[in-house]
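What follows are several structures.
You will see two complexes here that share chain A, one where it goes with chain B and one where it goes with chain C.
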Partner chain A sequence: MLVLARRVLVLALLVVLHPSTAFSAGAKSTHEYDLKATFLFHFAEFVEWPAETLPDKAPFTIGIIGNDPFGKSLDEIVANEVVDGHKLLVRRFQSVSQIDSCQILFIAPSEASRLDQLLSHLNRRSVLTVGDTRDFALRSGIIGFVISEKRLRLAVNLAAANAAKLTISSKLLRQSEIVGPAPVRE
Partner chain B sequence: MNQLRDSTSASLRQGRRRLLLRRAAHALVVAALALAYLPAAAETEQIAEPPKALKQLSLEELFDLEVTSVSQKPEQVSKTAAAVHVVTADDLRQMGAVSIPEALRYIPGVEVARVDARAYAITARGFNGTVANKLLVLMDGRSVYTPLYSGVFWDVQDAFMEDIEQIEVIRGPGATVWGANAVNGVINIISKSAASTQGFLVTGGAGNRERGFGGARYGGTLGPKAFFRVYAKDYDRGPSLFPNGDDAGDASRMRQGGFRADWAPTPADGITAQGDLYGSSIDRRNGDPTELSGGNALVHWTKSFSEHSNLQMQAYYDRTKRDVPSVFGETLDSYDLTLGHRFAPAARHDVVWGLGYRLTSDDVRNSAALAFLPPRLTHRLYTGFVQDELTLSANRLFLTVGSKVEHNDYTGFEYQPGVRLAWTPTPAQTIWGAASRAVRAPSRIDRDLFAPSQPPYFLVGDSTFDSEVLMAFELGYKGQPTSEVTTSISTFYNTYDKLRSLEAGSLPLLLANGLEGRTYGVEAEAACQVVRMWRLSAGYTFLRLILDVDPTSTDTSQEKQEGDSPRHQAFLRSSLKLPHALTLDASARYVGRIPNQNVPGNTICDARLAWQPTKSAEIAVVGQGLFDSRHPEFGMPSTRREIGRSIYGKLSCWF
Partner chain C sequence: MKAPRTTIRRKLVKAMMLTSTTVLLLMGALFVGHDVVSFRRLLVQALVTRANILAANSTAALAFQNRDDASQVLDALKTDPRMIAAALYDEKGTLFATYPPAAEPGTVPPESGPTGYRFEKSDLVVSQPVAEDGRRVGAIYLKSDLHELDDRVRVDAMVVLFAVLGSIGVAFALSTWLQRRIAQPVLALAKVVRSVSDHKDYSIRSKAVGDDEVGVLAEAFDEMLSEIQMRDKEIRLLNTDLERRVIARTAEFEAANKELEAFSYSVSHDLRAPLRHIDGFVELLTKHAGSSLDEKGQRHLATISSAARKMGTLIDDLLAFSRMGRTEMRKIAVNLAALAEEVVQDLQVDAKDRRVEWKLGQLPTVQGDPAMLRLVLENLFSNAIKYSGPREAARIEIDAQPQNGEIVVSVRDNGVGFDPTYAHKLFGVFQRLHGPAEFEGTGIGLANVRRIVSRHGGRTWAEGAIGQGATFYFSLPR
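What follows is the complex of A and B.
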């Protein structure tokens, strides 16, 4: 019993002592979802939607499907913002059938298991699909958030963007990794 | 004098009876041996930019910000009305699991006991043994259960571990959807998509027990929406040990290779084709090595019609061959076809139904010690199921009702209905309950076993052996009190009827459905992201198993079976990210005493230290069973093998 107690103690010490060195360092950093929310806002500026899908003065909708990971941050960022004469709106959806008008759709991690289905039913609608689940863009989402070496990176599936008739600004593409099949112009 | 004679003859009779029992037990063990081939026959406190301020930054500045990642954040609380535990790819890496059985060690409610270098006794919620028969195991939808004893030959169930996306373990009957044999649990081993395994991955390592292993994978594209991967692996695994520390002579070598291809010809269609080939050889002390080989090929097609409606079709072929020279041989071919359809016939309803057909063709090579008669047997299994998930109150109350109906060649039709209710009073909590009926259909060991293979028989299977029946009642809670902590508690009360008994009244000894029993237990687990770099998880399992002998039965095995599972099990795991790209994972598990086998309670500690010097390489050192040079996990003292401390190093490179 004593031997066991000692072993557990050694193990506990091993585990407890090490973090002290681990947690002292670290630069000023940003909460992941605050940063992602900021990017969602910028996508409204750096992506072009076909005019017929976004009539003048119509609101510009940023949708979230699944369990909202942003908390208040997305609402705070988007509050009172207008892009090209369109007032920005945040809406939350539980299923694709609820989505009537939506320009950007963030597919929350909670929907990972039905991602393929969700994407296939949005296909060819001019909705910029954004997500952060693994291989989001490779699996035909348009923009995937990827964290690499503590920085946020974008993976862009140009073929999927073309299919949705969206034009992504070169300013954004320059900083992104292009994934998926070569884009086919239709 | 007479009295003396009487008592002498009584003790003689008793002695003979004991001898018979011992021989019966021996014969069962021999059967088990031959089959399983046993050798004897937080967030950091740092100032973050307020979200509004981020808007003022340029794209370049945004891309340059360092982020606090929550990628290790616990998953959302599952709303499934079942006791589910998911072993993720991260868990697999952190455990340094070199095989599938080793990956199942830290799951509440699951018993994993390594019997020797290659054999495992694995079960959920009791009834463990080398030929445990109440668990259904599927690899990408392919059943790996053997109709020989309704169990799993764990020695041939392997995968390139890096290709596994997750292992989903459902404790309790999964019979409504999964069908016969999903009595005490279902294990689903799910591999990664070919799209997510692009590029090269090469791994290799060596150690004292894992004497050498290596694997390579390459993933590429076949067209705009088609991806593939191929892999090959092999290992040379050292032997288990006798209790005195001597080499038990059961070292093994295995080679396996395979592929997977995924193609999405249209956004609504997904087609997967995959297959594996393997060959392995396991040393025996008293004979030529056991040779195992086999392969499988599977095609899966999903067509989705809408968000709530899809059709799935799957076909596979599997061949597995086992040759224990001069003891036992078997070639099993399985052909399986399934169809599943999900649709929403009305608002609030989510219906899944399916049909299945499986043909198994078993060809056994018998020996003098025991025989399965007839040696060749072809069986057909027809299954159908329907299940409706009904939303009683949106996002709050869900009722799932369904039943499986199947027809097997032994017992005809079997019905396996189930009802489950999930209530989510708040988004972070689920309370669930379930009542279900499940059956274990007879297998060849129940019906066709003869020992020895020629009369006079000593032990004979029951040609009318009926299905074992389970009625299960479950109640559970899952909660996420804060975003860093997840908890779950599952409780169950199971009643079993017509369990297999060993009738010891006269010779030959007979198998029969002479036992009934009940089990109850509690499984609890909790995981906590203490701080960003440190994750802790813990689990506890309590199990009580009580068996009763039917009034007409002369069974004497009941007490032994009651004592084959530990009453208490517990574990603690810690995963820590250290500076300089180091990670340290440590775990300890306690497995209570196994009374019937005199296996003492054991605490076993594992640890893994890994260093990722560049984005494309990792070096890891893994130690398993760290604090003891060897320890026993399962088996009677006379035939027991112990598991030696294992230390190995592993290098992984991907590019």
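What follows is the complex of A and C.
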């Protein structure tokens, strides 16, 4: 218990010392999720969805499934934003069955145990799945948040992206680590 | 005609050179100015384009806050040595990444500035927004040096310099060639004008042909010359005619004059013989019958005798006067001072009973006939003595002054003087202002003086007033 408290203290100190971008694994501070929220928003700019899944004037939905870790930050970032003529919208889902129209889906850590089931359910739907659970992308999630060298990094499963008919900008890929099986072009 | 100080050729070349050099320099300056401006625009464009490319490449790095990638993107600038510094700023405007990666503080602004470009001392700075899908995710800052611009200006200046130098050379050659075409007719015309004015030869023609104003001028000049030549010829003809006529008339006059002189000489001479008879026989009659005549008869005889003698003197004087006009003149140096002294001595002997004060000034040596000049002085001096007779003491002053290239000799007395109204008559033959009862004389003396002086090329005149004395002048050329 004492050891744990000390570790938390050290981590907290580290966060205080590097307030902008420094994280340590497991420190799920609100700041970290602010950043993740921003990234989620930016994905809308660097990923292309098939036109038929996103008709003109339809809202662009960023969904969260499970316990929302973002608090208000995602809503604030997305408020009044428009991407490619689509108004941005944040929706929170409790189960997969609720998901009707959704472009980006953040799978909250609370759903870790149901991940495979969730992903297989979303299979072949043009939904950009994003998560921060361990090996999210390796486990067929499309983009996974990874903390590496105290920085928030991305892992991309191109095969999964291809299966979802999503085109990820090379610019985004430059920032990311490609994981999973070699992509299959259809 | 004096030689011109400068030539039309030089003026033409100068004008053309001045024009072309000015135009060239202006063009050069315009070229350099335009080139610099457009090159600056090009530099700005290139840098803005580069900033836009880098911005496009760094959107994801900024969006996903990947400093390593941002640095990598900026690091591509190292291939260009002109790039001094670069920076990426995040959405909030805070510095995100720099080039060179370890840029010293102050190399780049700590926060993103307004969009645009500006020239700083020797650098060009561009600030551009970084946007993805029209959404601003940050800003980029690029700073490039302007050595290229300096080099460009240097190269431009050299190009202009060589172009101007070369063009000046060409312009000089061209203007030299052109001025020849323009100046040649003018120079030819000037030469002709000069030749005409120097040699007074109006037969010269310019014959300069040209389709411009010089041609017109030359033509007009030629016409003028023709006119002048014609008039000149006419004048010459008239002149020669006039000269011939003058010579003929002069010869006629001379002949008539000689005839007249010969006639008067022979008349005078021939008159003497009967006169001598009258005088001789009056003398014989006086001797022979003088005692038998009464007093009245004797007085008549005396009157006849005196009149005959007087007439003899008159004839002698006339002969002398006539001879004066005909005798050969020999011109030698005559010392007027010595001559005057001699004459005074001679006259002094004749006028022993008179008190005369002579005052001789500085008299020069002149060129002339000594015998004739002696006669002039005798006449003037004896006149002076004669007409100052009524004075107790005659005072006669003789002087000489150089005047306008002549020597003017003056003889001044304190005698009775004369009425200046008749001054012009003084020097005529037999012209007398005083009666023979007052002053004896024939009236030939001053006429002789004038004749001698005028034969020497001089003039005679007199000044005076009644009772105030008289001054007689004669001039001799020096």
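Note that the second predicted complex is superposed on the first by the 156 of 186 C-alpha atoms of A that agree within 3 Å, B and C clash if a C-alpha of one lies under 4 Å from a C-alpha of the other, contacts with A are read in each partner's own complex, and residues count from 1 in each chain.
Just so we're on the same page, a contact is a pair of C-beta atoms (placed from the backbone, for glycine too) under 8 Å apart; a residue touches a chain by one contact, two chains touch by 3 or more.
Treat the numbers as computed from the prediction; the structure is a model and nothing was measured.
Using the contact criterion defined above for the overlaid structures, shared-chain residue A:119 touches chain B, although it does not reach chain C.
When the two complexes are overlaid on their common chain A, residue A:84 makes contact with chain C while staying clear of chain B. Ranking chain B and chain C by residues of chain A touched puts B first.
By the touch criterion defined above, A:172 reaches both chain B and chain C.
The residues of chain A shared by its contacts with chain B and with chain C are 21, 35, 38-39, 42, 46, 151-153, 171-172, 175.
Chain C makes touch with chain A in their complex at residues 57, 59-61, 63-66, 69, 132-133, 135, 137. Within the complex formed with chain C, the chain A residues making contact are 21, 35, 38-39, 42, 45-46, 81, 83-84, 151-154, 169, 171-172, 174-175.
Those residues of chain B that touch chain A in the shared complex are 44, 46-52, 54-55, 57, 59-60, 62-71, 76, 193, 195-196, 198, 221, 223-225, 264, 267-268, 270, 304, 306-308, 310, 395, 427, 531, 533-534, 574, 576-579, 584, 586, 588, 603, 605, 615, 627. On the side of chain A, the complex with chain B involves touching residues 4, 7-8, 11, 14-15, 18-19, 21-23, 25-35, 37-39, 41-42, 46, 67, 72-74, 76-77, 94-97, 109-110, 114, 116-121, 123, 134-135, 138-140, 147, 149-153, 159, 171-172, 175, 181-182, 184.
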